[in-house]
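Step one of this worksheet: look at the structure below.
The letters A, B, C, D and E name the chains in turn, as written, and every chain counts its residues from 1.
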Amino acid sequence: MNGLHLWLIPVLPLVGFLLNGLLGHRLPKALVSTIALVFTAAPLLLVLRVYDSFSALSLPYIERHAAWIATPVLHADFAFALDQLTLVMLLVVTGVGFLIHIYSVGYMAHEEGYWRFFAYLNLFMFFMLTLVLAENFLLMFVGWEGVGLASYLLIGFYFKKHSAAKAGMKAFILNRVGDFGFLLALFLLIVHFGTLSFADIAGQIAQHPEWQGGFLTAVALLLVLGATGKSAQIPLYVWLPDAMEGPTPVSALIHAATMVTAGIYMVVRTHAIFDRAPLALMVVAIIGAATAFFAATVGILQTDIKRLLAYSTISQLGYMFLACGAAAYSAAIFHLLTHAFFKALLFLAAGSVIHAIGGEQDMRVMGGLRKHIPVTFWTMTMAVFAISGFPPFSGFFSKDEILAEVFRSPDGGPFLWAVGLVTAGVTSFYMFRLWYLTFFGHLRLQPAHQEGLPVAIDDELLETEHSTNGHHHGAAHHHTHHIHESPSSMLVPLVLLAILSVAGGWIGIPNSLGGGDRFGRFLEPVTHGTGAPPSFEQVSIAMRTGAPIPTAEVPPRPEDPRTERKLAGCSVLAALLGWFLADTLYRRKPELPARIAAHSRALYSLVLNKYWIDEIYGFLIVKPLLILSRYALWGGFDRGLIGGGGHFLAGVAQGSGSILRRIQSGNIRSYAGWLAIGAAAILLLAYFGFGAHLHLGVG
Amino acid sequence: MQLSRILPEVILTLAGILIMLVDPLLTRAASRKPVGWFSVLAMVAAFAASVWQLSLAPGTAYFGVVQTDAFSVFFHLVICGTVLVALLAAIDSVRPETHDMGEFFALILFGTVGMLLMTSAVELLLVFIGLEISSISTYILAGFRKRTGKSPEAALKYFLLGSFATAFFLYGIALTFGATGTTRIAAIAAALPHSSTPILAWIAVGLILIGLGFKVSAAPFHVWTPDVYEGAPSPVVGLMSTAPKAAAFAVLLRIFYGAYPAIQQHWWSLFWILAAVSMTLGNLAALRQQSVKRMLAYSSIAHAGYLLVAFTSFSPAGIAAAAFYALCYVAMNVGIFAIISHVGGYDDQLWSITDYRGLAYRSPVLGGAMAFFLLSLIGIPFTGGFFAKFYVFSAALQSGMFALAIIGLVNSGIACFYYLRLLTALYAKPAEGSPVLAVPRMSLTLGLAILLSASATLLLGVIPRTSLDLAQRGASAFFSTVAVEKPAPAATPVLKGQ
Amino acid sequence: MYLVIFFIFGTFCIAGALNLLLQRHPINSALSLIVVMTSLAVLYLLLGAEFLAAAQVIVYSGAIMVLFTFVIMLLNAGEEERTRGSRAAYIVGFPGAAALLGLLTYIFLSLRAPLGNAQLGGGTLVTTHDLSRVLFRDLLLPFEVTSVLILIAILGAVVLARRES
Amino acid sequence: MVVPIAYYLVLSAILFSIGVAAFLIKRNIITVFMAIELMLNAVNLTFVAFAHRWHQVSGQIFVFFVMVVAAAEAAVGLAIIIAVFRTRNTLNVDQVNLMKL
Amino acid sequence: MTSIDHNILTWILLLPALGAVVTALLPNRGKLVQSWALIIALATFVLTLHLPTHFDYNHPGFQFEINRIWIASPPIRYHLGVDGLSVWLLVLTGFLAPIGVLASWRAIDTRVKEFYSLFLLQQTAMLGVFLALDLMVYYAFWELSLVPMAILIATFGRDHGSRASSRAAIKFFLYTFIPSALFLVGILALYARTGTFDYVEMKARLTQGTVFGSEAMWLISLSFLVAFAVKVPVFPLHGWLGDVFSEAPTAMAMVVAGKLGLYSLIRFHLGLFPFESHRVAHWMILLAALGILYGALVALVQNDLKRLLAFGTVSSLSFCTLGIYTFALNGLDGAVFHILSESITGGALLVLFGVMYERYGTYEIERYGGLAARVPRLATVFLLSTLALIGLPILNGFVGEFLTLSSGFAVSHLWGSLGTIGVILSAAYMLWMVQRVFYGPESPLVHRSPARDLATREHLALWPMAILMVLMGVFSPYWIRVIDHGVHALSNTPAVTHNAAAAALVHGRPPVREGE
């Protein structure tokens, strides 16, 4: 057991980061990529080794190293924990991470700052693995913030562009809003538990069945705030679409497969708290459902291929949130897993497309690419089918499980299920839209597109969106660019991921479909409840009557294979409907979208402008804050009151000085006058002598 | 040997007479610097004689007219040291073509005799005569720069107002005499409790305070100070803002603590008010001054106020604090005026704060020394000014003068504003062609003067022990020769009403 | 009788002083001052201070006032013009002087009894012997020191009055 | 036939106050100086009166010294006045105000 | 105790003072003065390192003590000593000095001797503040520390002695001196009652509780508090900091804020007035929380790099205030730790500003842009410092922020939460600044100027700080262990004061002092 050395898993990428970060600018590109790959592959191998010996371990396996923050009353160590959940996450992070590293070697080959890119990527791996392996909240927070930092650096990789730098900043600050919640949750935990160790906290909760709601709800809600930041949920999701300013592998790795799922991971990891906070679970479910639907609708009209995928990611993360809200933690993680495969694939494939046509990201100028880049086309097709939820692709199983769990959940119920179902249809629609626009029809890329876009929609919007393109490969040979398939270093990961996207779901085929839900059972030790999540009625009755809240062990949810099969049928139907619509609008009747747009102008522009959420945030929060700071605080208070107050006092002193100076008229006679009056005053004082009054001092 | 009790005075008198005898024999063109050096020597001798006096047993001489004790020796040393520095600063600063150089030095020596007598006299008549000697010599010195209109005007103002105040002082002595029938300090103290007309003594202390308050330029009797400082030659200002004040403070201590302890209730409130008014008025009025000398005049008013704070605490600690403050004050003030008389020039070519901009660029030593003195005037630790303030306010607080201490320390906060204006000006970049760049090189004597005063100021701030011990000895000598009962108010705790 | 003489010369004093105040020509003022001084000499006599009375006439009226008159003549001082130099002198000075007078008068009159009375030739006559014993023995040092004072005065007068070449 | 000593004192107080007032009023420097002399004389009267009260010679001697001092002051004072007159050509105190504030 | 242990504190104090004197006497040749100052600063630093390495954890109270009579009456003692509270602050002061010298190496080119002489004097004064255990000696150093600072600001300010520099110097001096004057009244009043200036003795006598009426004690404690709070500065007493930061030379701005005031708050306000400081704690926490927000918000809209950092510093230092007045062990540990990390991080940023100023001659954010591509190494260090300042975990800023905020939150959920908003805002103002200065297209100014990345000397100045940022972030227990030794007794965790005060805290009433 001594030989596990979990610490090596995060530290190896860190070494890679240090090597590339400190020396990379002097090394040849080949060496840089070798270093990066070696230090990503090594943790993967370690994880595989762990996987290999996993069944022999007593779980959770905890490895403690030095104390990190230690006062006599608070201890947080560099401690790593390994359990089933961790293992899944480790496999995802290192596996997908390694593939994306390989992909990047090809994708970034011609970029300036090659070494920097790989250094950051390794840094990200370090933090992500720390986050996953952390044994306590504080160390998790290290990873939590660290991945944010890596994300910041990578989004702003093309920092010479204002938009990229701004997007990085936006991501970091919005994540900080989430971290604010996370920190407060930590503080509350310290107050109530005196420790930040997951195991200790879960243990204490288990020992106190009377703890229900109350501060646990507060903690849970604050954690949710943190999760919404990292996992791009309402209300903090706005950074993710902008994050597409980063290089595409980054989008795939960080903003699709791994980092953004940290919120879900965290909720699952701390589900002991959430289980006792039904209100918080409810909130999670609602946020998840709302985000899933909302983001999906925005996805309908996106024209930038990466942005579309970004909204798709938000939407899919919403699903995972929804699952968490329904206390279906293993379903959430299952979807996390499959989503990591197919969404990474989608991004990488999209990157391959962009790569192929010379840096263009606007789908409206693409088309008919399937013949030019067949491998990309086919792998992407796998992904599209997976995300749309067609059996037997991976996405089907995970999404289906979520919907079934939501339907079954006492608080979720049919309504949230319905939302999920509609979202599934919408997802299918926009994914096939992407598919058709990109790969079918005719290539619309032509010199003309610089002056006016072929599909004339909102020009103003396009301007802003469009300013993002053309950075990778140089705009010089933009339109004469030869459309070509990507190098094998990029294709290999695509193929591997495609296989995973297809087959990745098979590990979790539910009972109802004859699979036995191996994945769910594997995670069972981690996700099992620490106490029944009582229903709202139970809690409210208990709160009114003061009676103890009933806490039985989690009763196994009634499984109803028939209903589940019906539900699965519904979701497949929804996906088919979406495909059909997309087929109609973008293949068979391509003139229809414009007509529909013209028809319902208001709704159209509302969705097109992403419900103006960015603008609303700017107008309601950012602007007022800046105005408050600039005019009220800085101009008014600091310079006016504090500075002016100082000036005022100085003025009073100087003014009275000036008056006193008037005594000094220069005239001897008036001086004698002052002497005389002074003498008289002194003599009167001496005669009447009221010394005792002065003696009292201030007391 | 009664002469030993007045040895320093005798030495200085003889030296002064010698100068007067020799001076006419020198040709008009001959440099008077040797005369200056001679007077420096005489002053050193007087200083040494004072130190020697320390070995004498305390006692009186000439039928109880003078008394040598630690107190008088302390002030002897203060005065002799100060005049020594002032002389050194004057040797090169007074314009060489002035033909009255011989008289100049003689007057300083004679004036010093007066001051020394003031500190050791225990007979009011001798105090009065000493005061007059020092005053008259200062009147004359103030008018020494006859070519400009300002100097004689300064002399006139000083003279007329000074005589005016002297009349009050004299009236006070007369009433004291009326109340007790004597003018011997110890006898007054003895007779006062039995006086049938103590009211006369109440008024007498007021009148005496007016006269001496004028000399130490305490508000509201300060009015002459700014004008006279501005008009008088800077070397003279350096002298008259220090030594005579120290002497006057010594007299104040001697008279009030020696002769009038019995009616302390009637005079300590006067000091309270004088102190508060002086500090506040001096500092506030200094804020807007442009002229360096006038600013320092107001500053000296404020410093008189700080010093008077010590008078309110009726304790040996208070006397020691006052004596120590006087010492520190003269050390730094004589130093800063030594610099001003060199930099400003005999005719005050540089007079405003703006003119001093960049002095530290021209001469780091002069600028640094001036900055150091300013810091001491502010009361920064490790300078004499700090410990002086510290002892004074400590004594005041120990006697429960909470309000006065707060007034004083807030004042010292206000004061840094104008000191800093000058200080930062010193270190600012000078304007092109600024006259400050033409300040001549420092001469040996000036360097010596600055060195003496600066090292004194520094030592007082770092190891105040020796001088403080002497001051405390003086104070306790005082309290033992004059048996004083501790008055009632001081014994009550600070904060009543708790 | 004594009282009458006192009042007569007291009135002379005050009248002379007021005249000094009111006369606009310095010479007139100087002459008024001489009147005051001489009257004071008489009062000194009444108080039994013969030596002082003589000295008053000789030193003050004789020497000092002559000096004054000399300077007035030397500088050819004319009538003073009524310039308006200072309001403070009137606004704060006069109340001050008045308060001074009022306070002192009040105190002295209230102390009439304990202060006692002056009798013509009352007490022992001060002999020259007494005087010289005090002057040359008890107050020997002040007496000697006075010489320094006078020396300074001479020195000062010379320095100040000398024209700078 | 007696005169209360208080009367002498009141007389001296009156003279002293007149001296103060004269100092305040008079414009001619020499007259102002005379006012000071008047004040000194008033003080002298006090001294003599008290010397009478206490039968003390020292009071009288004091007066004698005051006279000497007054003489010395007069010499110096008049010299100063001459010096002022030389530079300013005036004897009016109101015009001797080069320095102020 | 070896003989070194007996005299080490005197040597620490004396070395820079002697160095200052010698500096003034050195000939003005080449880089002689700079080198000498560097040697002295380094030597002092090495001496200070002796303290933590020989620190005795089992010895309660002060260590390496020296206690001799300086002045017999009034009894002022040359009493020096260190405990866990001061030990790292001393090392920090020693550490920043060589960096200050390096940062001034080229920036100060006229009147070098004066600069380094005063610089070393300042060093002495600051070390003295941390060492002194006699209130008068402490006060002396406290005041002394103002002087070199004011002169250096006036003389070596942004435009070498412009009027703005003078004004800033005067403002700084007045702001700190006037409260210090009242502070002196407080000390003297304490002395008048207790008859001692010795910290340890006075503490013992004050806790007996019979010395003063509670009102008087309250007033005296306020005089202490205000003097320290201005020096920190605690919002809203920060009026001087902006001007001083923007005018002062780098080496001075690095040390002007924070540590002296905060140390004094802990040592003297909490130490001498346990009850009174509890009484005022709520207000201080409120001010701290407001300060965090206010400083950050105002920093957001600054156009001048140094002013931005000034307000950032106000915000950052408020974390310390917050931690101190929670009286929780976490809070105190965190506060002291945060003093250290803030000084290092802020110092690094100031050095970087100085480096940028040397190259581009301006602190105006608007005139920069796209710097990262031109001077990548500078940008790297800058980014690292920025991240440390905004409290990224495993960098030094986080530990202090976390500990102070968590204990602040425990005391008051509302103000603790408000303070925590600071982590959002600090990211906002710093990253926005970084974005404007380093990212985006190159500004005309940057484009015109030659690209000079960090020189060796600048590397030498910056990397030690950068490495420390990481080390302190990762191995914080090494520091906190010592700190804890010093602040343990001040916290609420054990029985902090006499029982009456403790009971009063529970019931929210002031205790009845004996002798009223």
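In this section, a contact is a pair of C-beta atoms (placed from the backbone, for glycine too) under 8 Å apart; a residue touches a chain by one contact, two chains touch by 3 or more.
Here the structure is a predicted model, which is why all the values come from computation and not from measurement.
Engineer: Trace the shortest sequence of touching chains from chain C to chain E and report its length in steps.
Structural biologist: Shortest path length, in steps: 2.
Engineer: What are the mutual neighbours of chain B and chain C in this structure?
Structural biologist: A, D
Engineer: Which chain's mean C-alpha position is nearest the mean C-alpha position of the whole protein set?
Structural biologist: Taking the mean of all protein C-alpha atoms as reference, the closest chain is E.
Engineer: If you tally C-beta pairs in contact for every chain pair, which pair wins? Let me know.
Structural biologist: Highest contact count belongs to chains C-D.
Engineer: Just give me the whole-number Å value for how far the CA centre of chain B lies from that of chain D.
Structural biologist: Using C-alpha averages as centres, the distance is 26 Å.
Engineer: Can you compute the centre-to-centre distance for chain A and chain C, using the mean CA position of each chain? Integer Å is fine.
Structural biologist: The separation of the two C-alpha centroids amounts to 101 Å.
Engineer: If you average the Cα atoms of chain B and of chain E to get two centres, how far apart are those centres in Å?
Structural biologist: Computed value for the inter-centroid distance: 41 Å.
Engineer: Calculate how many whole Å lie between the centre of chain A and the centre of chain D, each centre taken as the average of the chain's C-alpha atoms.
Structural biologist: 96
Engineer: Among the residues of chain E, which ones contact at least 2 other chains?
Structural biologist: Within chain E, the residues that touch at least two other chains are 213, 215-216.
Engineer: Multi-chain contacts in chain A: which residues touch at least two other chains?
Structural biologist: Only 661, 663-669, 672-679, 681, 683, 687, 698-699 qualify.
Engineer: Mark out which residues of chain C touch at least two other chains, giving numbers and ranges.
Structural biologist: Residue numbers touching two or more other chains: 85-86, 89-90, 93-94, 96-97, 100, 103-104, 107, 111, 115, 138-139, 142, 146, 149, 152-153, 156, 158-160.
Engineer: Give every touching pair of chains, nothing left out.
Structural biologist: Applying the touch criterion to every chain pair yields A-B, A-C, A-D, A-E, B-C, B-D, B-E, C-D.
Engineer: Can you tell me which positions in chain B touch chain D when the two form their complex?
Structural biologist: 125, 128-129, 132, 136, 139-140, 143, 146-150, 152-157, 159-160, 163-164, 167, 170-171, 173-175, 177-178, 181-183, 226-227, 230-231, 294
Engineer: For chain A, which residues count as touching chain B in their complex?
Structural biologist: 650, 653-654, 656-658, 660-661, 663-664, 666, 668, 671-672, 674-675, 677-679, 681-683, 685-687, 689-699
Engineer: Spell out the residues on chain A that touch chain E in their complex, using ranges where they run on.
Structural biologist: The contact residues of chain A facing chain E are 25, 66-74, 138, 141-142, 145-146, 149, 152, 156, 159-162, 164-166, 168-169, 172-173, 176-177, 179-180, 183-184, 186-188, 190-191, 625-626, 628-630, 633-634, 637-638, 642-643, 645-646, 698-699.
Engineer: Which residues of chain E touch chain A once you look at their complex with the stated criterion?
Structural biologist: So the residues of chain E in touch with chain A come to 171, 213, 215-216, 219, 236, 238-239, 242, 294, 297-298, 300-302, 328-330, 333-334, 370, 372-373, 376, 387, 392-394, 398-399, 402-403, 405-406, 409-410, 416-417, 420-421, 423-424, 427-428, 431-432, 435, 438-441, 474-477, 480-481, 484, 488, 493.
Engineer: If you look only at chain D, which of its residues touch chain A in the complex?
Structural biologist: So the residues of chain D in touch with chain A come to 20, 23-25, 32, 93-94, 96-101.
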